[in-house]
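Letters A, B, C, D, E and F mark the chains in the order given here, with residues in each chain numbered from 1 onward.
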Amino acid sequence: MLTEFDTSLPSIKQVQKLIQENTQIELKLITGDVIAGKLLWQDLQCFCIMSEDNQKTTVWKQAIAFLKIGE
Amino acid sequence: MLTEFDTSLPSIKQVQKLIQENTQIELKLITGDVIAGKLLWQDLQCFCIMSEDNQKTTVWKQAIAFLKIGE
Amino acid sequence: MLTEFDTSLPSIKQVQKLIQENTQIELKLITGDVIAGKLLWQDLQCFCIMSEDNQKTTVWKQAIAFLKIGE
Amino acid sequence: MLTEFDTSLPSIKQVQKLIQENTQIELKLITGDVIAGKLLWQDLQCFCIMSEDNQKTTVWKQAIAFLKIGE
Amino acid sequence: MLTEFDTSLPSIKQVQKLIQENTQIELKLITGDVIAGKLLWQDLQCFCIMSEDNQKTTVWKQAIAFLKIGE
Amino acid sequence: MLTEFDTSLPSIKQVQKLIQENTQIELKLITGDVIAGKLLWQDLQCFCIMSEDNQKTTVWKQAIAFLKIGE
């Protein structure tokens, strides 16, 4: 569990790269929801995703199960 | 995970802006509940939302999956 | 997430007021359970509620999704 | 959330009293399971319960939704 | 919640004894899964269990609801 | 719960060994999802898995219930 936003962590850097390269991703949440789109930003608490219909969704990291590239 | 209420975080500032601008939002909770309305305040632990029927609901952040603008 | 019981927090003060004013509330839990009644006390870890049938229930805060006034 | 076992907390003292007085209780867990019996001990991490069929169950506090007296 | 592995805690010592005495146990997880077998080791984060078919399973403590002896 | 990535922990070392030896594993998540494949890396927050169809999945540790070898 992160208690500070450590930008040297591989998982933080991976997400930073996905943001910079505008990569299409898919987030599976513990609610069962799947949110697909491009990551806009991350901080210690949340991800922000732009979905294909130009809807911005702020996802709490506590609710994330996994992230997949593309599809 | 936040252990203090850091108002410089993008996700905290985004919510602060939604409060100030009286924006209609939708919160999806890990229970599957969706709560729609306008945010009244946030603190380290909770959000308070005024729903369309003038009911105030205090939501624990631990239960939030994601937040969407409007609809 | 709280790691100490900070009585200056809006969400802690709101609950303190609900206790003092003997307000009828409803707690929705992440199990899906809804517990209705009046709050007796809160601490860092739990709420204690007196339900309408005079049953005391101690609820762990970790299990709370949201709180509504009355009904 | 507790990070140390603070015996001055009302919710810790309540459980201590239930142990000493050998009170019949019911724990509802976030799995939906209900465990009924008498509390044997608590620590920072767990409760131990003796159920009516003399089975000892160690319950992780992280899984507790609420506790009710008797029935 | 434990943030360090405190071997003086009753719940940690109980598990240590179950490991040493090679006791048959049952773990119920918050997924609903039940894993039966003998505990091999514990650390701050996980339990390792050898099930009856000689399969080793590493269980994250965050997912444990309760532990029962034998059956 | 880990708040730093302690490489002397048995559970961290076990995963490190599974990465080095390119072992086929199976992760069961609290969503019910099962992800099978080979571990690529771990950090404090996540595991990265290469599944049999060459899809990389980043799994948040908070969502892991258990890990099994092979099958």
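The definition used in the following text is that a contact is a pair of C-beta atoms (placed from the backbone, for glycine too) under 8 Å apart; a residue touches a chain by one contact, two chains touch by 3 or more.
Computed from a prediction, not measured in an experiment: that's the story for all the values here.
*Asks:* Within the chain touch network, how many edges lie on the shortest path between chain B and chain C?
*Replies:* Step count on the best path from chain B to chain C: 1.
*Asks:* Tell me which chains count as touching both chain B and chain D.
*Replies:* Common neighbours, chain B/chain D: C.
*Asks:* Could you check if the interface between copies chain E and chain F is built from the same residues on both sides, meaning over half shared, or from different ones?
*Replies:* Different-residue interface.
*Asks:* From the C-alpha centre of chain A to that of chain D, how far is it in Å?
*Replies:* Each chain's C-alpha centroid was found; their separation is 37 Å.
*Asks:* How many angstrom lie between the centres of chain A and chain B, each centre taken as the mean Cα position?
*Replies:* 19
*Asks:* Identify all positions of chain F at which a residue touches two or more other chains, and write them in rising order.
*Replies:* 1-3, 29-30, 61-62 - these are the residues of chain F that touch more than one other chain.
*Asks:* Select the category (line, ring, star, complete, other) that matches the graph of chains linked by touching.
*Replies:* Looks like a ring, each chain touching just two neighbours.
*Asks:* Please report the chains around the ring in sequence, anchored at chain C, with chain D in second place.
*Replies:* C, D, E, F, A, B
*Asks:* Quick check: in the complex, which residue numbers of chain A touch chain B?
*Replies:* 1-3, 29-31, 33, 35, 41, 43-46, 48, 55-63
*Asks:* State the interface residues of chain B toward chain A in the complex, per the touch definition above.
*Replies:* Within the complex, chain B touches chain A at residues 1-3, 6, 9-12, 14, 28-30, 32, 61-62, 64-69.
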